[in-house]
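Structures are listed in the sections that come next.
In the two complexes below, chain A is the common chain; its partner is chain B in one and chain C in the other.
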Partner chain A sequence: MSSQDIPEENLPAEQVDEHGHGAVALADETNPFADPGLPPHEHRIQDIDERAAKRSERVVAMLFTLSMLATVGFIASYVAIPRDKSIFVFPLGHISALNFALGMTLGVALFAIGAGAVHWARTLMSDVEIADQRHPIEAEPEVKAKVLADFKEGAKESALGRRKLIRNTMFGALALFPLSGVMLLRDLGPLPGTKLRHTLWSKGKLLVNMNTNEPLRASDVAVGSLTFAKPEGLEEHDEDFQLQIAKAALMIVRLQPENIKDKRELAWSHEGIVAYSKICTHVGCPISLYEQQTHHVLCPCHQSTFDLSDGARVIFGPAGHALPQLRIGVNEQGYLEALGDFEEPVGPAFWERG
Partner chain B sequence: MKKLSARRRHPLAAVVVLLLALAATGGLYAAFAPASKAQADTTAQSLAIDEGKKLFSVGCASCHGTGGQGSSDGPSLVGVGAAAVDFQVGTGRMPAQQPGAQIARKKVIYSQAEIDQLAAYIASLGAGPTIPTKSQVSPEGADIAKGGELFRTNCAQCHNFTGKGGALTHGKFAPSLEGVDPKHIYEAMQTGPQNMPSFPDTTLSEKNKKDIIAYLNAVNGDDTESPGGLELGGLGPVSEGLFGWIFGLGALVAVAVWVAARTAKAKKS
Partner chain C sequence: MSTTTTSDSRPSREKAPAGEKVADWADGRLGIYSLAKSNMRKIFPDHWSFMLGEICLYSFIIIILTGVYLTLFFHPSMNEVTYHGSYVPLQGQLMSEAFNSTMHISFEVRGGLLVRQIHHWAALIFLAGMFVHMMRVFFTGAFRKPREVNWLFGFLLFVLGMFTGFTGYSLPDDLLSGTGVRFMEGAVLSVPVVGTYLAFFLFGGQFPGGDFVARFYSVHILLLPGIMLGLVVGHLILVFYHKHTQFAGPGKTNNNVVGMPLLPVYMAKAGGFFFLVFGVIAAIAAIASINPIWSMGPYRPDMVSTGAQPDWYMGFSEGLIRVMPGWEINLWGHTLVLGVFIPLVIFPLVLVAIAVYPFIESWVTGDKREHHILDRPRNVPTRTAFGAAWISWYFVLLVGGGNDIWATHFHLSINSITWFVRIGFFVVPVIVFVITKRVCLGLQRRDKDKVLHGRESGIIKRLPHGEFIEVHEPLSQEALHTLTAHEQYQPAEIGATVDENGVERKVKGSERLRSKLSEGFYGEDSQIPKPTVEEYKEITSGHGHH
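Up next, the complex of A and B:
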């Protein structure tokens, strides 16, 4: 296709008009934005020189062959390289030889297909621009008339207006069907009830060290130390372990009693040992970045900071409540025990929390 | 014999008998005394304490007080134990360059012998955790999987999942545990340096500490394998996402621009 095939009106406006040489071409009154049309087509070297075209062909074929070789390499390395073999590759470090080989061959195979296709399209396929004219969207009047006539004919034949029983039952069926979808919404419930307000902790439950799975003695907990505890009787293999520990997780720290500023905190502690919920009151991240000199606890998710020496008051960040404290004491054998459940719901606030 | 018995009333006889008795007692004591080695040890120990005291007076007393009792510039060292000294001085944190949010690791100033003398002096001020032995900190025979579990429960919140470290409040940070001597990791758990809480043997047993060291050795040691490669600091989704967006998408955009921008025409315009 050459410029001769382009319709007359799409050709570039003539630069030299009747009014004089060198004047800026002014479009006529009726069509102020004349379509300048397509620029004249220029040939690529491959269009002129057959040897260049052959060269391009060889390059494309070489890329596709490279892709084939890489695929063969992928299969070969999958079969040949043991899974635990490790090699050192300079910027990547000690990596799995299998991962490296599979990734490289797969990457090369796909990239070579793409690069070959791009090179083929750019150098050998026709690059002549073609204009395709738009057609008006509106249908022809005869077509419109026929469609309307067909519709009316169909409506008459269906007798929907005459057989009212069919029409009404059909409307009923269509109206009722979406109800089955609405019913399924019930599975969003039931409401949690009081589940959010209670944890496994209750009076007399021992505090069990998460590291050793043994009950904690008051004498085990040193000033400045950090220990995590779960309620007695909750084992990691229990079916609802995750559900329960998500509410009951505790962090145990020991402060010098004279450093505790909050009176209630002091009263609920045992010789400076305080037990706080490990669940952030913002959105419930496990929070235990404890700084033993400042007594601050930082939440890693949104940087809420709590002061454990002052009733776990929020001193920074988006959390809305102090961390709930668990009231603890010791039993006759010297083991730490809970003196009840948390007084307030642990974790993030919810609508009915109050 | 007659001569000897004849002289028993001699004025010097009592002196001679006394000398003989003394010599015998001394000889017997020298022959049977069990304590010759122990005596040397105590001497060496008290010598180390003396030397440590001298080093302390020069390098530490300006902040920690002349008797290690502490001052407004530094905490009391009574009862911190030899392990705390070995950690603080052995990692170069002490002597501190300047007060600040956190005293960072730097070049170690004292030799190990001097550190041991300082530690001996501080340990003499009050009982505290001792420097762990080689076998206590060796990862041999430890349970790496259990160590990983313990690390994630107790340490990962600050030091990240494989001990790469992380930020805390007001300029404080949990340092990376890469390349840290297992002995110092053990001492840090035991003594809780600076703002790190301690994990004493009563709540995290000796065996547990060994497991944690073995885990760190497996995931963060010199020969640690990273099967995927290019772990981008091991910091997790932040650095990985940033890399993906900038370099992954960036490379795609660059290739697309390159393909479209280079003309294939014979006559370049």
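Up next, the complex of A and C:
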């Protein structure tokens, strides 16, 4: 609608007179930077044209009605759409129909209420700016003096300053009693002892393939492949499976013996088959990426990289020391077996590790 | 109000409308009229940046609402069960009850997935909102007296929000979050002397044990949100009590607050904004999947997926731990795990750096007055440069936290990204500081130019002798006032070190430092003197025209 349609008597000319001041009128001759005061209120179309105001009212009402319809849609979707139905929505792909319908109807129902309220406030409620005075946060000096005097009076009446025995014993009692609370925390967990130094591995334990759950033969391990193993006897259903596998998880790789640079690694291997802890020595992520050309393994969490052909020493990343190696051999039946536990703690370093 | 009835002088109680009767009842017991007198028509200034805090408040409320719903179905237990739910790929798998019940919420409870996703999205938006809100407060100097305590409340909310988020996304006990918990255990183990004990007490023994989900649960739904709720209430009470800050402008002074009243305008705008935020988050949860635990599977300490990332707000700590060289010192049978412990120490220091800045600034300026007029960032170049440097520091670490994502998406070497972050950690903030300060000074010069010479009108005039000039239009008094309203501090002088009797006065080290800092903050190289009335008059009077 153009401004020509607005009834003459509503045009803002007279409104400016009503406020009686404009920026220019108050301009300060001596100080051009002085605060000219609040600018006069500028009228919106809704302030002077009732038809525009009516249009705004209809928009707000329409938005609120839309919200009601969306809520009905939410209830209908909840009742009608099966939980497992999936639909194709471009560009999202196949998604759960129920989740999409519930979320969109809820979203529209809420958004329309908000949009309606904001439109109402912006177009129909008064937009005249009002100035409120601030008052200092600090108390008046008399108030402060009164409070200080009251405090002194109260402190004097308590006699806390005079009767030092009471004061000191009270402080002692108050300082000591939280110790009970600290004591109560003791049973949050057992003491570490040497628990972090030992795993389930011991002499003679077979290396069991994690995927097939069968003991591994040396011939099962091919060059270039990465095999994960657990100690014989540890089953997924065991109560402490998670705890044990967190330390005992093993990765097995077959290298060409002549490629093994580290002497101890060679001695602890069997026909080029080496077994290392799978738990990263940085903060304990399981290492799972193996690059067979370079014999490097990489922890996907923080990118620590270890060279399996050289004692699994750290060649990149934040890990602080090499992966512990498990000494392995072959028993009479040809199965791979451990020749003892890890000689050093697996996983992240800690104060007592040494 | 109608003028035909005598409603103003109504004598008897029974004629009062029902609403007034209820209000009278409440007033006699709660004193609501006195409360409403100062608050019902309370004035709030308008600026788009003032709604950032509202986003935080509303997303916090949304998190609480949806969180309560989720507790009705979630089982905070690590007992192992076999999955028999409707998601076929995981059927028969062993998983904790926590994971199983999260699967139940996602697949069997109608709308459960939606509520879960609203909860998680709202948490991300909550943290992002707090970050941006904090920056708004920082760059405009809204933290100055009398609002320092509220700055700390807000900072604490941000830190607690991070940990509430971390304990929350660890609850489903899925492969990704379990990896995050393992990372936390490794970090705790690195603490010298007591680290191993702390880890054992936290997890009830060796990792993962059977306790941490239940323990994180009570921390996540009770302890931290309880503290946060108290802080939020305190934060809001202080906002009301101090009255909102405002930007300089015509009619706006340090002693008033100009805007529109709570009833009805802000009741409608702020109340409506809650629904806008909730509506948008609900729509996001409808179309954007978040934390799809079914595709990750239950946690196993010996398994991991690639591209493991924490939620964004934990990313900077992830960056610290990823780029730190793996230093370990072994002495006398003990290990000092510096490679993990140093990041663990820097993590809070990064946050504290921004938290303490307001107190350093107020010490340097020695200004004890209340400030209710906001600064434009350009007018406080040192503060703005410090804030920008801090953000760049934070983002360098975020890049470090996602170094594998950067490497795969942009085909970069992970080693070079790591080295970039290692060097950038020290260098980037310095560069950003210098550049930001120069940009601020440039903007100050431009403001000065505008005040003295007017606005470029875009009109080209040809003078009689053939020269072309652009006509500059003088600014209105409103604009002149707004551009010159800011105060400029002068560097603090140490003052005479020798008194009138020739006796030398001792100058404390702290006094010297303060003077040095003050020179850096407000010295010649750190601000452009704002135009004076004399300069303006000389130029506009005609003869001084360029």
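Things worth noting here:
By our rule, the second predicted complex is superposed on the first by the 268 of 354 C-alpha atoms of A that agree within 3 Å, B and C clash if a C-alpha of one lies under 4 Å from a C-alpha of the other, contacts with A are read in each partner's own complex, and residues count from 1 in each chain.
We adopt the following convention: contacts are C-beta pairs under 8 Å (C-beta built on N, C-alpha and C of every residue); 3 or more make two chains touch, one makes a residue touch a chain.
The shown structure was predicted, so the numbers you read here are calculated from the model rather than taken from an experiment.
By the touch criterion stated above, A:312 is placed in contact with neither chain B nor chain C.
In the overlay built on the shared chain, the residue A:42 is in contact with chain B alone; chain C does not reach it.
With both structures placed on the common chain, the touch criterion links A:96 to chain B and to chain C.
Number of chain A residues touched is higher for C, counting chain B against chain C.
Of the two partner chains placed around the shared chain by superposition, chain C is the only one that A:133 touches, whereas chain B remains out of contact. When the two structures are aligned on the shared chain, A:228 is found in touch with chain B and with chain C.
Contacts of A:275 after superposition on the shared chain: neither chain B nor chain C is touched. Contact with both chain B and chain C is seen for A:286 once the two complexes are overlaid on the shared chain.
In the superposition on chain A, contact is made by A:118 with both chain B and chain C. When the two structures are aligned on the shared chain, A:296 is found in touch with chain B, with no touch to chain C.
In the superposition on chain A, the residues of chain A touched by chain B in one structure and by chain C in the other are 89, 92, 95-96, 99-100, 118, 122, 127, 210, 228, 286, 288-289, 300, 303, 316. Those residues of chain A that touch chain C in the shared complex are 23-24, 26-28, 30-39, 78, 83-84, 89, 92, 95-96, 98-104, 106-118, 120-122, 125-134, 136-137, 185, 188-192, 195-196, 210, 228, 230, 236-237, 239, 241-243, 245-247, 249, 278-279, 282-286, 288-289, 300-304, 314, 316-321, 347-354.
Put simply, chain A touches chain B in their complex at residues 42-48, 86, 89, 91-96, 99-100, 118, 122-123, 127, 209-212, 216-217, 219-222, 224-228, 253, 286-294, 296, 298, 300, 303, 305, 316.
Residues of chain C that touch chain A in their complex: 42-43, 80, 86, 94, 107-108, 110-111, 113-114, 117-118, 146, 179, 182-183, 185-187, 189-197, 199-209, 211, 241-243, 250-261, 264-266, 268-269, 271-283, 285-287, 289, 299-308, 321-328, 330, 333-337, 339-340, 370, 372, 403-404, 414-415, 418, 451, 476-478, 480-481, 484-485, 533, 536-537, 540. Partner chain A is touched in their complex by these residues of chain B: 150, 153-154, 157-158, 166, 168-169, 172, 174, 192, 194-200, 202-205, 208, 223-231, 259, 264-267, 269.
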